[in-house]
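These notes concern the structure reproduced below.
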Amino acid sequence: MRTVSIVNVTSYTALELLRLLTQHPEFIVTSVTGRSAVGKRLENIFPQLHAVLPSPDRNVLAIDPALVITDEAEQTDLAFVCLPHAAAAESAISLLKRGIKVVDLSADFRLRDANVYEEWYKHKHPAPALLETAVYGLCERYRERVRTTSLVANPGCHTTTSILALIPAVATGIVGPNIIINSITGISGGGRTPSLSYHYPEANEDASAYGLEGHRHMPEIVQELEAAAEAGGHPVKDGLRLTFVPHLAPMTRGILATCYADLLEDEQGRILTSEEIRSFYRQYYTNEPFVHIVEQPPHTKWTYGSNHCFIYPIVDRRTKRLIVVSCLDNLVKGAAGQAIQNANLLCGLPETMGLAGLGMNP
Amino acid sequence: MRTVSIVNVTSYTALELLRLLTQHPEFIVTSVTGRSAVGKRLENIFPQLHAVLPSPDRNVLAIDPALVITDEAEQTDLAFVCLPHAAAAESAISLLKRGIKVVDLSADFRLRDANVYEEWYKHKHPAPALLETAVYGLCERYRERVRTTSLVANPGCHTTTSILALIPAVATGIVGPNIIINSITGISGGGRTPSLSYHYPEANEDASAYGLEGHRHMPEIVQELEAAAEAGGHPVKDGLRLTFVPHLAPMTRGILATCYADLLEDEQGRILTSEEIRSFYRQYYTNEPFVHIVEQPPHTKWTYGSNHCFIYPIVDRRTKRLIVVSCLDNLVKGAAGQAIQNANLLCGLPETMGLAGLGMNP
Amino acid sequence: MRTVSIVNVTSYTALELLRLLTQHPEFIVTSVTGRSAVGKRLENIFPQLHAVLPSPDRNVLAIDPALVITDEAEQTDLAFVCLPHAAAAESAISLLKRGIKVVDLSADFRLRDANVYEEWYKHKHPAPALLETAVYGLCERYRERVRTTSLVANPGCHTTTSILALIPAVATGIVGPNIIINSITGISGGGRTPSLSYHYPEANEDASAYGLEGHRHMPEIVQELEAAAEAGGHPVKDGLRLTFVPHLAPMTRGILATCYADLLEDEQGRILTSEEIRSFYRQYYTNEPFVHIVEQPPHTKWTYGSNHCFIYPIVDRRTKRLIVVSCLDNLVKGAAGQAIQNANLLCGLPETMGLAGLGMNP
Amino acid sequence: MRTVSIVNVTSYTALELLRLLTQHPEFIVTSVTGRSAVGKRLENIFPQLHAVLPSPDRNVLAIDPALVITDEAEQTDLAFVCLPHAAAAESAISLLKRGIKVVDLSADFRLRDANVYEEWYKHKHPAPALLETAVYGLCERYRERVRTTSLVANPGCHTTTSILALIPAVATGIVGPNIIINSITGISGGGRTPSLSYHYPEANEDASAYGLEGHRHMPEIVQELEAAAEAGGHPVKDGLRLTFVPHLAPMTRGILATCYADLLEDEQGRILTSEEIRSFYRQYYTNEPFVHIVEQPPHTKWTYGSNHCFIYPIVDRRTKRLIVVSCLDNLVKGAAGQAIQNANLLCGLPETMGLAGLGMNP
């Protein structure tokens, strides 16, 4: 068994980690921190934890609901850091010094360039030296590097959805640099702190766009798509011309990204058909346990509570555009599930351990 | 035209007043106050007010979106007070002194007994002298008295739903004193201030009971039902034995009360049939424009945005119980619509003026 | 007073017409048809109609809930046809012959070219001769022509949202031909016939894209944008390269379109700023009662139940793209409200009559 | 490993069985039937099954998405019958003859008296002889008998919620015979067949009561509570006077029952306090893995996707009534989860096997 701590356990991603870890056969949570709840027991914050049962096939509880929330994480094999950016980096520095492996769910180590970070997050990067060590934890891209690092930057939820949708096309050079990503997300992505925007009577029966002045997930998407293009031998000369607009829809979970790109013609002026694209995507992800190419537009509901991502590419022949629809659960593959996927790799465990569950439907 | 002011315009009941008043041919809003928003224009707080149009059949806007929010209400014919209890009474005192008629949407003047008020609201009543003047603004009961007062206590939303459901039975002595009221309400009833309970990801896909230690609408219901029994010549000897439990359901608007009472047998040991009860209820409310006895269980959706109340009485023959299901829109007949109904009476206008609209469906 | 009939009253657009007509001072519904409900009274199909009240300022009911549903429309001044396509055209032919003005809410007379109609609707156009007479009922574009015709093709909901968003840019030639429209719609747009896709447990907590093989509103959008470009003196040489992808979100009402286009540089290589675009849009729509340019991303909730459309244009400087977010209530400005707007014009009434109401919020 | 079949796999309870069985270490689904889908592969009916992964700690898939749906169940150790009543009994007869253990999720074997069955289900019981064999599968009551039978009648969802709430009080004689159960349920309880009532635009933003003429879960609740009273040595002389009214709320899953009963006074005229009741309930369920007595009103959301039931008893001192609020997930503890709990017992496995997961929150 490996011991893990959760830093800032009162967030939604932490709560989802707790849920998923109750099903994990190798991780055991021995330490939880939470600034506003120090001294309380876990079950006092989350009464549903009364229901934690020892699984009949093991002796130890993955989570003890009586666990007392502390100010600082105890010594464990690994820590999941669920703090907001800046605070997360501070915490990571201290954990790494104590030899604790870190999966950071904040944005602090996602951007490779400290200047880009400063531009988007409006403060100096708190630990630029660690940017070399940190591995961007999109396992589908970097699993080998994740296995050997001690610090993983868990990707953002919009980012994961979009990158998985576009990487096969960008990395093989079948599309041009004009890209539009239109994303719809559930409201849990906004976190657990109440505000008027997320107040039920405001958010229910409402759709809206946000982040139109520039959303922080955009540079992360650009960074990873350009890196994939480069790695695939199809570098983007003047950079991607990428617009990303997220939208809120009245649901708790789920992200659905609809991505638009120009298909390039081959020498005969021909573009790929939908069937060819689908077959090519299927091949690209053939060994990926959590990525599924489907034959009809996917529904976020298919992923409710699971670590899976469903992708549907189709060609708009009239305009020669590639459209790719991609969806996942923002709190699982977009946060806590992917964090466990990374933790499994960091600890030398099978990548899918504890994550084989299906989504809830209906 | 009559001028009206809205005191504390940033609440949901005030916002609903604004919406309904745009359709009212006689009231014109000339003053709005709001503690946290002084100096701002109405349309800056509620951007949807950009859409206020002059109705083609009148020259003046019922609401000017450019109206500046002030600290204290200007001189008007009538004021709608949307402040929390205690603050509301203070405001009412001052408005009445200036000769302004008041519809108070808080609980401050609903309970006739200052001691009961103190017991439930945990502070001394701020204006006990006004309790004599104040009329409980359930028009179906007290419309004649409303016409001649200057201070109306607008009833609570749970209260209106329950009282309208039970008054015909209680006032005519066909049921005994054992009463259970089980109410389901939408989340706008909790107001516009964000909190974890009303945070979308918490409230969505969730049902729960609340107020089990005693809800403040209970004494109001008991007071009015006992008064109706007394007035109907069937006083309740030892008082009603009434339990009231409200529940939250994941919807923005709507209240549905399911009320249970024991049917009394007549001298032949006979109880009324469902048809008899329904016909009797229909007769009881025959002249009421906003109360409708229906032949099937009603849906809160039928009342979405309207001032109507639908009531369905039925007899459970096996247990000799009367069950009455009643529903309305908590922000309209349960708050702002009823307030306008009262304001119409206070100003000598037709009671239904500005309130004839249907609910939105779907 | 003008008499109107509603053909196929059991649809959602018809039900919304009923609601809006109760607030209309000049129209009176004297005939309703409905294939599956012949012989029933209106209030038996829609129990909420029990609540129809005579407005205190007029003597006649705009709708009599006891109205009996017939097979064929009686003689009236005007008919709202709410039938599916093909059936709608048949009905329109017969109504026009009898001298009844027609607002057709189906797609039958929206496309000017019978061949395009046949391509998208997979059957021969049932009344190609009427295509000359029919006026596309987007009042913001064609109000003068609507005043003088007898047959109005009421625009689709996605279409209205998108066209209003893009016309100012397309008609003045500030954008190029590359356009992507990403739309999110509530589920009432799918109609009142139950199906697995719209079954509550399937549709709730779910987002998905649809119509990816080509949605029928697309040619309508292209037709109207190209016509506007032409009319504005900026014809699109090789036609627009327009992709339109609608999405379903778990809400009853509301459409939000996010539109992307390439801003053209002026001779100095300069593109417009967001402020310039906004000011230009505001000017473009300055006399439009139902179109509002706002300073922040609009919410569908602002339009809940109203005939208003909110538009927010913004420039993505990094990519030189114009983004326009536009929203409205699909059943009002996207259907029944716009139909009444057209009916007002057809009958020589003020265009906003009966439509001045605000949206419900929350 | 034990092989299991699912009879009528296209229902929601069957789909939930599939989800839960992917997490079960001992059951393997080798046969699925479905009248309308014979010959199709499972993944064609439920595309989300593409995501089924072999759990890293076992070699065999609990569910093979390529499994072909047949007309009749293959030979397996156990069958979950998800057919509607009547059809379910026919299927059970045939399965039992072939030596297959049966968990029947329909109502066919829940009522012990074939006459009561006929009264409520309006047809002769299809297999009255089996009523002797059948065990009512509320494990908290009958787990020893379940272990030794071959036919389990899986309880209804409303029933489980209500019985668990009331058994401790009824079995120990602390309450009188007057009982009211007011239940709120999510819409998945109505099944997977589309209908106008469950059409999203109708069901969303709506609350309503149903089954007021008498709901079929009522006799089941009465039977089990009276049996518990009898078994506890406190038989109810003239039978319970029980009224049960279910309500629909706009959510996919979850049942919350609020139960009201009269507390009996002891010889000193004293009634129990809330604390005493809570402590007594806690003791009563002390060894139950899935029943939790909590210190605050529980939320259906705490049980979303889990097999747990949360119960909150409280005393209304003013009226001397006991109020018990109880909730669970109607598709898990109210259907598929409880079915697996029963299947575990039938097969000699630990009762909680495959069911230790927490609910999803948020």
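First chain written, first letter: the chains are A, B, C and D, and each begins at residue 1.
Here is the rule we use: a residue touches a chain if its C-beta (ideal position, glycine included) is under 8 Å from a C-beta of that chain, and two chains touch if they have at least 3 such contacts.
Here the structure is a predicted model, which is why all the values come from computation and not from measurement.
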Exercise. So which has more C-beta pairs touching, C-D or A-D?
Worked result: A-D
Problem set entry | From subunit C, the most remote chain by mean C-alpha position | D
Seminar exercise, completed: CA centroids of subunit B and subunit D: separation to the nearest Å works out as 39
For this session: Mind checking the centre-to-centre distance between subunit A and subunit D? Centres are C-alpha means, answer in whole Å.
Result: 36
Problem set entry | Between subunit D and subunit C, distance of the C-alpha-averaged centres to the nearest whole Å | 46
For this session: Among the residues of subunit B, pick out those that touch two or more other chains and give their numbers.
Result: 12, 186, 188, 201, 204-205, 250-253, 298-299, 301, 304, 362
Problem set entry | Residue ranges of subunit A in contact with subunit D within the complex | 12, 15, 18-19, 22-23, 25, 46-57, 188, 192, 204-205, 252-253, 289-290, 292, 294, 296, 298-299, 301-306, 308, 310, 350, 352-353, 355-362
For this session: Using the touch rule from the top, collect the residues of subunit B that touch subunit A in their complex.
Result: 12, 186-188, 192, 194-196, 198-201, 203-205, 250-252
Exercise. Once bound in the complex, which stretches of subunit D touch subunit B?
Worked result: 178, 180, 182, 184, 186, 201-202, 204-210, 212-214, 241-243, 245, 247, 249-254, 256, 258, 260, 297-301, 304, 312, 314, 316, 318-319, 321, 323, 325, 327, 362
